[in-house]
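All remarks here apply to the structure that follows.
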């Protein structure tokens, strides 16, 4: 067995749960919830990668020196990723709204006019 | 000098594009004819030069060095193509009504010339594809199904060749013939190319060239494609374009002969790989000739006949001796001229009558005497009656087969000749003689350009028939050794002698005597064309055989068992299966459900994971 | 001019996109002409950049914020990027004009913004030299693509967009995991530095990271079986957008995948990743060609054909040899031209005749001769007829494929190409030799665009030397990693 | 095991449970809230990982706004996930 | 039956994938110092950017290009939602007013929410927060208004123009950097003009970070409000 930190574990679990929703749930909104959870998981993963035990937040005021702060880069990345995530979610939800107007359902098995 | 080759190859293409662009009656034909005539002029000009040294032309295109070279051997092929080409152009002046046909006919002309002159595989492949594509477009206009059959088989062949080229390139790092040949020679001692790879290469190239030559069992495209194009063009299609496949086989010998010999050795005293080619040729001859006999449509008949005749050439090359090559090469010429002539005659008939079936014809000799005379020459030449070119070449092939101790193959030649006689006789009688259907009473002689075209092809038939030495001498020079002895009128091989002049004189004398007898002594009776025969069957309404209808039906019944199996239907079946498979694949993979699609992603991840974990 | 001004290729579309609401507030009619103007300006800038890179023979490194590479984000506009930025700009310009004719669904101002941002996204993906920045541009491209796919607001459009979105969402999440791994192992996001450090990474981490990065990009690059969204999106998107998808959005994904792949050469399992990609690419070609065979909708058929060509490019890029990469780049260029022409022609037919089913194409040769001619040339080129441009790149790919030892792959691809020939030739037959109808008037400017593309196809077909030399330089830009690394002015941070 | 890491474990556990609930609840509104809860717990974890900026952003954007947008979308579509009977052709439906 | 099979297959698949990812992450040990470029940032952040909050400095200054892209993504989302949910005539369809607590609370809280949001993004270079949470806070303010009142509508025409102008502002700041310093997104306020060099740790420092964060804050605020507005309103059928 491999030993990983609880944060990694939590993050990977979120990713898997999200993917599970996409793979199993037939309701489109449920799938989108899954994607959203997946994104949260990925963000948590990124932040955990940047964490250094025993150091404080990378705000260099009041006696926090350059060698006492955690890695700022993943945090910057995650800021970006969160915003991108919410943007995707908003887009996806408007598409879902149109789909509901046109098909009268959100079941992805019935939204299958394009195929073959 | 260098530009000569470029003009030679590309003049028809440029002329075709111009003819297509200025699609005005008169101008179009003039440009097209000039385009087709230029290669003849240049080839005539270079005749003296090529025998002593070659003319080269190199151009770099897209990082590839394309090498064109006019040597004694490919001058021969190019000259054959050029003769048929100019006849085709004359025929098309009469039969073609669109710039489209001029464009693609001349484009394929360029392709054929380029294939003959290329000395590297990229140029070869490029022009090969161009030739295929252009001839395909000629057929597409008239018939989608047949053209697609032709194109699919050709493309399979071309891609097989591409694969072969790529393998050669991977192994030798070269694309030009000279280097590849040398590298394969060197490989005899190095052995970088394994036996399996050699076999693969052989099969790939054989497929590629076999498709074009119409070799059994890849011949199925030929009847449809030959009969569905403009008939004037078919004279070129069958007379010159199919020779590209033959040329390819020759190339196979030149490039890989030694390697293939080293890998596969001999079989009963013959080169093993050549033996395969010989048998393919023999089977092609027999099968195609039988099928030709059974046809009810002039175009189909000549299409199958053409396949069979090219089979002779393959057979000759397959014999593998120098005499075989000489015979094959001679037959390349004679087939081109007699089959080209046949198709022009067919074009004239169809143009003037609008009919293609035997049952609708008859008695045309009176109406189209010149065409009839040309048809007669072609018939004599094809069925191998001296003193026509067809006899000389067939005789050489036969000699070669006997000399190489291939009696079965020689038997195929004989059988083929007999069958050829059977079908041309029918053509001769059903079309030209007998009672004329009343709707053909107003038929006129074919237009002048077409007649000139026929004459151009008829002359070599007689000339090289009476003086076969003209050709064999050139072939001797091209190979640089005395393969066939004799003089202009006499062919001497180790096992026999054929004195064409003597035969001609005897024949002329005989004909004269027969003519005298006919004029002064014979009693003739007229047979109504409606005369039927039943070959032993009871007389019923729908079993009504005459020379014009179902003449060889008894033969078909005898061959019933074999006719049940058709490669054509087999390929159609495969195509159908492929299409159904495509549908199933598409419907089940792209099934429209996004969840399935997500599963595909998950499965890919799973594969990645398993590959990572294991 | 200073090379840093090449940043305008990003800045100009961006500032113009932000300017659109202001223009709309002034006059709604001005939006589409403005779009045309901006794309034209972009062509100018891209042309300048192209000229600069190819005359000096050195890449332009744009350092955002004035920070040197590992610290700041840099744009690497090498030979490949310069070439493709130009192609993107030119095709966008054409499509901006086509949009004026083709797009009638409101709100046009939003369409214009999204159009510009799609162009920006693809440009950025190709130009960037930073792995996370690549992710950002990929998301820009993807989200604009989602929005534009659904732009027609029909049920089908929304459905296609939804599929694209879910698959793209999964792909980008895993791409980000890949970034996390690579960052965690190297501590840097700069591609050049990652290339330097790639050899020292823990092999498991490197393998998983590379696999996930490629996985994420492969969704965008339409590799089988991750391409299920593509035909739907191509079919449902507005016609100009389909052109852009096929001509450069996919290419951006492919390029990014190839770039990352070659940068991480030092990874121990690199060759098995290549092999996997080759398998996927070959399957892409085969499955897509077979799917196109009996397609009733021509736009969808060409979409499948596009996917298969992309598979061929991916095959060439994954060969791992200089010859393969050159051939792949050459094919990318050719494919961009050909598919732009085809989708443009088919889209125009769709607008004029109200549909793109096979029946609509009957007698097109008589009804819209110019468009029919353009579609014919495009189809013939796609089939690989000699004297059309794709012939050369196809031959190159085949030679490179066998040289790299993938004879079976080449054989399968060639077999699939036979299928391709069948459906294209059927289409041509239908266009010219079946049916008939009244002659319709064709737009002069669109005709000119089509003829321009036709001319390009024929020029490259007859005289491929120049295009091939461009492709070789661009290919070397991807393949030659040492030169890439040495061209980026890395400052010594940490290592 | 000291108390700080206890909290870590507990929060991770709760987060995972809310994620599972968010995925499994048939009521989409509740699921959306569950998703917001996941974000919220994640933002606590961010805070514990010394990333206050991210924590704030996640809480404001990931939890609040995402959740709100989801709720609006649910309002305009339907609230309950329907369990439909199984039809033949299941391989297609995967 | 099928669904159980599918679920179990999904779970098995996911567990394998999860194990695969986990064993890769075992190679990136948690809590260890893996910084390379990060350390450079921490060492030089104050001198080079004037910001105390290293994350902000990275987001806005060092990796400002990403942030520009990120703002663009949000802009795309707002544009896209606007494009997709576009209807010729839209109106709110809420039937019930919020409770008295909500309405009164909103009425008094709204200005404070806005001010709080503004505070967050202006102080981005000093304290945690910055443009994104600040903008989100502002959007939350408008969300409150929507929830509390039936008839309330944001002036979305104005918002759209503002969104565009603010976005242009960001790019223009970058282009000024290109003109002054020779690099796109160059921090000309800090590096060329050297404003606020003595003020590190106080408000008037950090070069163009506060400027850009203000821009981002406004942009995020207007965009998210726009998204909310588009999602809430429905088509009116005549």
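A, B, C, D and E label the chains in the order they appear, each numbered from 1.
Just so it is clear, a residue touches a chain if its C-beta (ideal position, glycine included) is under 8 Å from a C-beta of that chain, and two chains touch if they have at least 3 such contacts.
In this text, all values refer to a predicted model and were calculated from it rather than measured experimentally.
The most distant chain from subunit E, with centres taken as the mean of CA atoms, is B.
Distance from each chain's C-alpha mean to the overall C-alpha mean is smallest for C.
By count of C-beta pairs in contact, B-C exceeds the other of the chain pairs B-C and B-E.
Using the average of C-alpha coordinates as each chain's centre, B ends up farthest from subunit D. Centroids built from CA atoms put subunit E at 21 Å from subunit D.
For the pair subunit A and subunit B, the distance between C-alpha centroids works out to 67 Å. Centroid to centroid, with C-alpha atoms defining each point, subunit A and subunit E lie 16 Å apart. Per-chain CA centroids place subunit A at a distance of 27 Å from subunit C. Touching of two or more other chains is recorded for residues 132, 136, 139, 143, 146-147, 150, 153, 158, 162-163, 166, 170, 177, 180, 184, 189, 204, 207-208, 231, 291, 295 of subunit C.
Touching two or more other chains at once are residues 51-54, 57, 61, 65, 69, 72-73, 76, 93-94 of subunit D. Contact with two or more other chains is made by residues 586, 590-591, 593-596, 598-599, 602-603, 605, 608, 612 of subunit B. Interface residues of subunit E facing subunit C in the complex, by the touch rule stated above, are 20-21, 23-28, 34-41, 61-66, 68-70, 72-73, 75-77, 79-80, 82-84, 86, 88, 157, 160-161, 163-168, 171-172, 174-175, 177-178, 181-187, 191. Within the complex formed with subunit A, the subunit E residues making contact are 3, 6-7, 10-11, 13-15, 17-19, 21-23, 25-26, 28, 30-35, 37-39, 41-43, 45-46, 52-55, 57-59, 63, 66-67, 69-70, 73-74, 76-78, 80-81, 84-85, 126-128, 130, 132, 201, 220, 227, 230-231. Every residue of subunit B that touches subunit C in the complex is listed here, in rising order: 60-63, 122, 125-127, 129-130, 133, 136, 140-141, 144, 147-148, 151-152, 155-156, 159, 162-163, 165-167, 169-170, 578-579, 581-583, 585-586, 589-590, 594, 596-598, 600-601, 603-605, 608, 611-612.
Contact residues on subunit C toward subunit A in their complex (touch as defined above): 132, 136, 139, 143, 146-147, 150, 153-156, 158-163, 165-166, 169-170, 173, 176-177, 179-180, 183-184, 189, 231-232, 235-236, 291, 295.
By the touch criterion given at the top, residues 19, 22-23, 26, 31, 108-109, 111-116 of subunit A touch subunit B in their complex.
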